[in-house]
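The same subunit A turns up in both complexes below, where it pairs with subunit B and then with subunit C.
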Partner chain A sequence: MNTLAAILWKDIINELRTKEIVLSMAAFSIVLVVIFNFSLVINNDNIGYLVPSLLWISIIFVGTLGLSRTFAIEKENSAITGILLSPIDRSMLYLSKVISNLIYILITQFLLLFLFVVLFNININGEVGLLIIVMILGAIGFSTLGTLFSTMAINTKLRELLLPVILFPVIIPVIINAVRATSIIFNGGGYAEISPYLKILICFDIIFLVTSALVYEFVVEES
Partner chain B sequence: MKLFLYIITLILMLISTYAALIYAPTETIMGNIQRIFYFHMGTVWVATIAFMIVFVASIIYLINGKKKWDVLAYTSAEIGVLFITLTIITGSIWAKPVWGTWWTWDPQLTTTFILWILYIVYLLIRANSGFDEKKAKYSAVFAIIAFIDLPLVYISARVMRGISPVVFGPGGGGIEPKMLNALLITLVSFTLLFILLLIERIKIENLKYQINKLIYTENN
Partner chain C sequence: MNKGYIHIENLSKSFGFQKVLDSINLQFDKGDFVTLFGPNGAGKTTLIRILSTIIKSDEGSISISDYNIKNEVQNIRKIIGLLSHENYLYQNLTVFENLKFFGKLYNIKNAEESISCKLNKIGVYSKRNELIRNLSSGIKQRVSIVRSIVHDPEIILLDEPFVGLDIKGSEYLLDIFKEFKKENKTALVTTHDLRLGLHECTKVVVLNEGQIKFNDRVENIEIDKFEETYKSLIYS
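Our next item is the complex of A and B:
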């Protein structure tokens, strides 16, 4: 547990000093929302269906940007060698990276949600708590596999280019369920309607958190 | 032994072609187009076996690190991609006259489509991961994740659509005995074809490995 906290703390300190990941993710989010505003005709009829998918498309695009950065930092000056040389469990390294990715994604996620709600004038129908749960579950699913695959992608010939290609098809269950649940909330549904989607999201998160933690040692050893 | 396998496969393929096109009775509602169904089932059967082999071989490779398991996973994935492509093509040809459309986003089709993409990505990872051992480890990790992902894709697509046509199984209705015979012989012959392709492909892969080793020793 100490090692996890130490690596996590190192990442957070590093980010607080440079602010490069969160700032570029935030800037990209704002630009995306502006582009959506100009390129789509959004009116009261389609807003409840269109905005959830736009929101999640933005989240995975912006999230991918951040993911490819978090491990690239370790490659600079071969910082990763130092971590790998220390006698720590590889799954601890994985978990700490998942948590730091999760923090970045959550920050941009709520920024995006705020932008969409304010700029497109969306009615959350009072289900703020449920919406936050959906957001968090989606972000966990995204960052578990995202962390594993970004470590893989950074070590291949294609580098960051490979990450979206290998990540997007695998996280389709997250996208389907998160978009559905968000859409139901925006259209005035409650817990009863979204519970099947929440259950699948929880299953996804648990399955891939465990599997990825187990196979992470095979991926990170090679760098 | 291998010659024997070749001959048996050839004969069975001819018999299954005869069985599917002539021996099996014409389906009353769909007509002759239903005959493509035998090959459709054959290809999807082979693809399923192939991807299961990829999954198991990948796990064994990560545990013991022996090269032959990686070769098995890779060659099997390649054949699987070929046959799942054929499945999608034959399925579309069947669906156009019967359903009136080439493609719908129902849970089975969605899962097949994602399956197809996932294993193409698997081959892409292999092509871009540099040297041998790294390539093998990365693709094995991806194969495991991809295989576990598929049931979740299926469940998600099913919950999202809320409907799913059941072809076989409970509620799907029975099957004419002659049709069943044709189907079974097709499955057997396609399985043999798969084994044959797999053996040949593994041989090519091993030859490639030997040539690379020769080039390497020549250069140093």
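Our next item is the complex of A and C:
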């Protein structure tokens, strides 16, 4: 746990000093929502179906940008090699990276949600708690898998291009269920309607977390 | 046959079609201070990187302190320190924060005291609160030297440690070498500087085109004539 805390502390301190990950993600979020707002005709008939899709598309685009940046910092001066030289459990490195990526994604996710709610005049019908749970479960799925794939892409020349190409197809189950659950909440549904989607999201989060932690050693050692 | 503290047998490594190390056999005892000479592209860095566990060999076996590099790699990592061409430091952390971070990865006790002492020895204690990105390359190299020995490793691998160091920095490093020898630690140093390389070493190895061309203890070498010997080995 000491190792996990040390790596997490290092990532957070680094981000607090530079603010480059969260700021770039936030700026991209604002641009995306403003473009959607000007380019789409959203009315009461389609708001409950269109906005959840746009919200999650924005989350995966912005999240991918953040994932690329987190590992770009590790590549500077080959600092990650310094970590890999030490006898730490590679799954601890993975977990710490998942947590730091999760923090960055959650921050921008709630910024995106706020922008969508304000600009598209969405009524969440008091189901804020449920929506937060869906957002967190979606973010966990994205960061568990995103951390693994961004580590794979770290040493490739086209890593910014490669990451979405390998990540998006695999993350589809999480995104589909998150979009459906969000859509139900935006259309006035409650826990009973979204509980199947929540269960699927929890299952995928656990599967992605466990399998990624198990294979991370082989991925990071070869990268 | 008695196995050495570091035992390398039939080690080979290729990158693509290029064979960088070709059936290397080497053996070092505990306390050996080995200088590895060789021209650019001889395979020195590759050998160091394989020993440090960063990359894997294609063929051959390595045992370090009776640990096999293939299945006891974590035990080897605990006792090895590496100084490489890259400094492995985080740009936006201070000198002290970087070293404390790497110290935590090795679970070292009394980290602050130990790091301060090492920073003093290499002459950068006054820079401890400065961000790495604001330091000159020579100072970064000194900090990187402390990073490589932050956990007091039994074996230290130094890949061209004198690069970027000024006269004072080189003197500090030679003092650290003397301390290693006093503590009976094992070191493997690569360098192109024959004078500095022969300064503290007990054993000399010359590597060229991935093969061992020379391997002998320093007492068997005529130091004054070594430059000629070296040239004949690598340019013949």
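We adopt the following convention: the second predicted complex is superposed on the first by the 221 of 223 C-alpha atoms of A that agree within 3 Å, B and C clash if a C-alpha of one lies under 4 Å from a C-alpha of the other, contacts with A are read in each partner's own complex, and residues count from 1 in each chain.
Convention: a residue touches a chain if its C-beta (ideal position, glycine included) is under 8 Å from a C-beta of that chain, and two chains touch if they have at least 3 such contacts.
Since the structure is predicted, the reported quantities are computational estimates derived from the model, not experimental observations.
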Would you check which partner chain A:D45 touches, where first means subunit B only, second means subunit C only, and both and neither mean what they say?
neither
Any idea whether subunit B or subunit C touches more of subunit A?
B
Mind working out whether A:A6 is in touch with subunit B, subunit C, both or neither, as first, second, both or neither?
second
For A:F204, decide between first (touching subunit B), second (touching subunit C), both and neither.
first
When the two structures are overlaid on chain A, which partner does A:L148 contact: first (subunit B), second (subunit C), both, or neither?
first
Under the stated touch criterion, which partner chain does A:V165 make contact with: subunit B (first), subunit C (second), both, or neither?
first
Going by the contact rule set out above, which residues of subunit A touch subunit C in the complex?
2-3, 6, 9-10, 13-14, 17-18, 73, 76-79, 81-88
Can you name the residues of subunit A that touch subunit B in the complex?
145, 148, 152, 155-158, 162, 165-166, 169-170, 172-173, 176-177, 180, 196-197, 200, 203-204, 207-208, 211-212, 215, 218-219, 221-222
Counting only contacts in the complex, subunit B reaches subunit A at residues 62, 114, 117-118, 121, 124-125, 128-130, 133-134, 137-138, 140-142, 144-146, 148-149, 152-153, 155-157, 159-160
Hey, which residues of subunit C end up touching subunit A in the complex?
52-54, 74-75, 77-78, 80, 82, 84, 86-93, 97, 101-102, 104-107, 131-132, 147, 151
